[in-house]
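In what follows, structures are represented as structure tokens.
What follows is a pair of complexes built around chain A, which joins chain B in one and chain C in the other.
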Partner chain A sequence: MLEATDLMVFYENMLALNNVSIRCDESRIVGVFGANSAGKSTLMYTLSGIMEDIRKKEEMSGGERITVLGRIEYMGKEITRLKPSKRARLGIVLCPERRRIFNESSVLENLRIGGYLASPKQAKETLDYVFQLFPAIEKLKKRVGGFLSGGEQQMLAVGRALMAQPKLLLLDEPLMGLSPLIQAILVRSTREIRNQTGISIIVTEQYARPVIPIVDYAFILENGTAVLEGTKQEMLGNPDVRSAYFGVEEEGGKS
Partner chain B sequence: MSDEQRRKERLDRGIKIRSDSLYAIMSWRELAYLTAPRFLLIAGILLLPLLVPGMYWQRVVSVVCIYALLALSFDLMAHYVGLVSLGGAFFIGTGGYISAMLNTSLGVPPLLAIFIAALLGGVICTVLLLPCLPLRGVYFAIVTLMYPLFLARVIEALDIFGGTDGIMGVESFPNRWVEQYFVIAMVLLFLFGLRRLVNTDLGLVLRAVMDNDQAVKASGMSVALFKGLAVFIASGIGCLAGACIVHIYMWSGISLFALDFSILPIAATVIGGGGTLVGPVIGCFILVPVSELLREFGTLRIVCYSIILMAFVVFRSEGIMNYGRRKYHQFERWVKV
Partner chain C sequence: MDILIYGTINSVSLALMALGFALVYGISRVANFAHGALYVVTGFLTWSLFKGAGLNYALSIALAMLFTGLIGALIYQFFLIRVRGMAISEIIASYAIGLAILEGFRWGGFKGMTYTLPPFVEGSMVLAGTPVDYHRLLVVLIGFGVVAFLWAFTHYSRIGLALRGMAQDERAALMLGIDSDLMAVVAMAFGSMLAGLSAVVLLPLGNIVVEKGYDVLIQAIAVCIVGGLGSWFGAVVAAFIIGFAQIVTVVWWGAHFQMVVALLAIIFTLVLRPSGLFGRQKELEERV
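What follows is the complex of A and B.
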């Protein structure tokens, strides 16, 4: 479905992604794990096209020069230089890191903004689906987004992304800063989304343990390079991975 | 991976001037590399009055310096404290009226009156702006825009300080060379002084206030105090400029509160490059003469002006100085990936 080959991203002279190739098949959940500065967010920005937008803005204000090399193919079409809005229309929707919900709008408004691309009928159906998925935020419909708790905001962000009728959903660190209970809810609903709608999902996370049960295939990034990839079983069987990303050893923690 | 994939690489050229505490200058070439731009600027500004044709353009140079001081004050407030001020006219007016009154009523000589006006005006402006300091962005801008209008109308309505006629008979500088080089010296003094200031701890705190004032508060510092201090410095510079202009024109009136004094420094900052301090000065040296040259076109000059400004904002929002600095300190080359 999505295949990125030899992605290289430079921020000025700093290499943020080095020859990363990842693929995601239809109705799969792919996990991308790595520490801070491993390049997870850069990868998500590049896949969703936000990187093109950042690049243009930096160029106009004379900031960092961002170079993106490589090739991204989505459903047999090359989209490497496509604008993020066009990619969203094709079905690649990013649920950004730190949620980035519209703080001043209510929950319902947030979701409706997300549903801009959907037809009224689709929007209504998806809205019901989101509320069924996250009953917690249905009760808060009229509440202003900025006053929600972290977990509610994350649910809202996922819901907003769903409203855009994605075929491929990119979840950038959806569990960041959340309690184990909320993490479990989000992980469960991520699997439900895939099982019920067939949407492919790429999810990044620093700490793999909560997410690994639901992923079909996983990549591990280290300093911008994809050092390991494999199915869930292969990952679980690898002692290095276990210590670094599953917290079997103490140092694995949440850093 | 195909071979034709290339990217442009930026590399720093030259030397690292300050490695924390150490000056490492190895050769004349490096010395020149460091000092040439500064030397060029200083020499250029100092020689300018001798090079321009006639007294009219010398007067223009003086006016440029007035605007340059205002632009410095704007740049300090906007890019180092995060207060976008439209109050250039407010500073000019306050400083101008104080200096004019000191000179006409108390007989204080111009060169002394200017400094008293700068200090006193700085205090007055800071006190008047204190209530607005917690405001940010557009709100602060609006308040600072209102002050000059407000003061001008008060003077007009109450007929104080000479009312609409203004204060006549203000003493001029001893001679025109003193006038010329006094303002130039002030521009250079404050340009390099402020550059020093923003690199001290105080400058560090000010920039932190701009970034995240809550974190500054959490570090146990009084945001209001630092903002007040910055506003005092900036308004003092503005008042100094106002005092100078009063003694140049030998007259003080409500046209000192004209919007030009608020807008032009901002335009100069945009063109020159915000946050560089040198940029706004250079911007003034471009904009003011251009506006003088365009004077024949009458009202159309505002149109030309606006087009220049818009072009800069849209296509080169970094400004001349940021662009030039990058080109000077870095070189680019294509590298194979």
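What follows is the complex of A and C.
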């Protein structure tokens, strides 16, 4: 479905992504794990096209020089230089890090703004689906986005992204800063979304343990390089990965 | 009673002048300093179509407003989009365009007192002991109509919601497939048409002169600064504060102090509360 080959992203001379190749097949959940500044958000921005917008704006104001090399193919089409709004139209929708809720709009308005690309019928159906998926935010329909808790905001952000009728949903650190209880709800609903709608999902996270049970395939980023990739079983079987990303210390393993 | 009636009329006029400016700034963060010029353009266009080409009055107004909207969109598409994101360049570019338009009119011979538009409805009535002409009452009605329309448009239409999304977080809007460049053009066209609307509504109360362009720009900026840049609600509230302050000044001190009120309002706001009454930058600025 999506295949990115040899992505390289430079901020001035700083290499943020180095020869990263990643793919996601139809109706799969792919995990991308890595520490802070490993390049997860840069990867998500590059795939969703936001990087093109940032690059253009920086260039216009004479700011940082951003270079993007490599090739992104989506459903058999090259989209490496496509505008983010065009990519969203094709079905690549990013649910960004730190959620970026519209703070002054109510929950319902946030969702309706998210439904910009949807037909009225799709918008209505998706709205019902989102409320079924996250009953917690249906009760807060009228509440202003900025007054929601972190977990509620994250549910809203996922719902808002669903309203844009994605075929490939990019979730950038959806669990960041949330309680284990809320994390579990979000992980469960991520799997539900895939199972019920067939949407492919790429999810990034610093800490792999809560997410690994639902992913089909995973990549590990370190300092902008994809150092490891494999299926869930391969990842779980690798002792280095276990200790570094799952927080499971092997007995007699490296300390 | 005089103060209440004429204060309301003056406030609504100010709100009409300022709403276009507030709308464009609120959505695309472009301070459109060509606002006053677009106001005058609509006036002269309406006059040319109505008096010059002999068209129907309503038709001339509609055409002039559409044309002004188009001019606004073109200004954005061909000039402002290149300096997008650089606040100072945007102001200089739009002010330069405004100057070129206004001084172009002056050079082209559009000056003096000969250009007037007739009021929509002739005649006047006495309201609670104060004589008011029908056109001024109509201004108030149209003003409230515009605010109601804007509210409904930005809360219920797809484009309006997208515009509000973009105003709050452009990058998040991009992720949802909202094309920010297109929306900025739409906002600019819409803001220009609002400038045009205020022109055709307010110009029949006076002459169409080039100086009106500067006057309207200053009033619009005063209202937007007091209300808080980017906040439409703030603009309406500020229009009422400045509007009444002006009328009170006129009644107690004299008509020539009217403009001073708007300018003093700018200075006091910038000194006391730089982000205005309902400014978006409030939290950020006050924290810094």
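By our rule, the second predicted complex is superposed on the first by the 248 of 255 C-alpha atoms of A that agree within 3 Å, B and C clash if a C-alpha of one lies under 4 Å from a C-alpha of the other, contacts with A are read in each partner's own complex, and residues count from 1 in each chain.
To be clear about the criterion, a residue touches a chain if its C-beta (ideal position, glycine included) is under 8 Å from a C-beta of that chain, and two chains touch if they have at least 3 such contacts.
Model, not experiment: these values are computed from the prediction.
On the superposed chain A, the positions of chain B and chain C overlap enough to count as a clash.
By the touch criterion defined above, A:Asp53 lies against chain C but remains apart from chain B after alignment on the C-alpha atoms of chain A. In the superposition on chain A, A:Asn13 makes contact with chain B only, while chain C stays out of contact range. By the touch criterion stated above, A:Ser61 is placed in contact with chain B and with chain C alike. Once the two complexes are laid over each other on the shared chain, residue contacts for A:Leu69 go to chain B alone; chain C is not touched. Of the two partner chains placed around the shared chain by superposition, neither chain B nor chain C is touched by A:Tyr129.
Touched residues of chain A were counted for both chain B and chain C, and C has more of them.
With the shared chain A as the reference for superposition, chain B clashes with chain C in the stretch 260-268, and the other listed options (62-70, 242-250 or 260-268) are free of clashes. Residues 60-61 of chain A touch chain B in one complex and chain C in the other. Residues of chain A that touch chain B in their complex: 6, 8, 10, 12-13, 19, 60-63, 65, 67, 69. By the touch criterion stated above, chain B contacts chain A in their complex at residues 1, 5, 7-11, 315-318, 322-323, 326, 337. Remark: chain A residues 48, 50, 53, 57, 60-61, 83-85, 88-89, 93-96, 100-105, 109, 112-117, 160-161, 163-164 touch chain C in the complex.
For chain C in complex with chain A, the residues that touch the partner chain are 82-86, 155, 158, 161-162, 164-165, 168-169, 171-180, 182.
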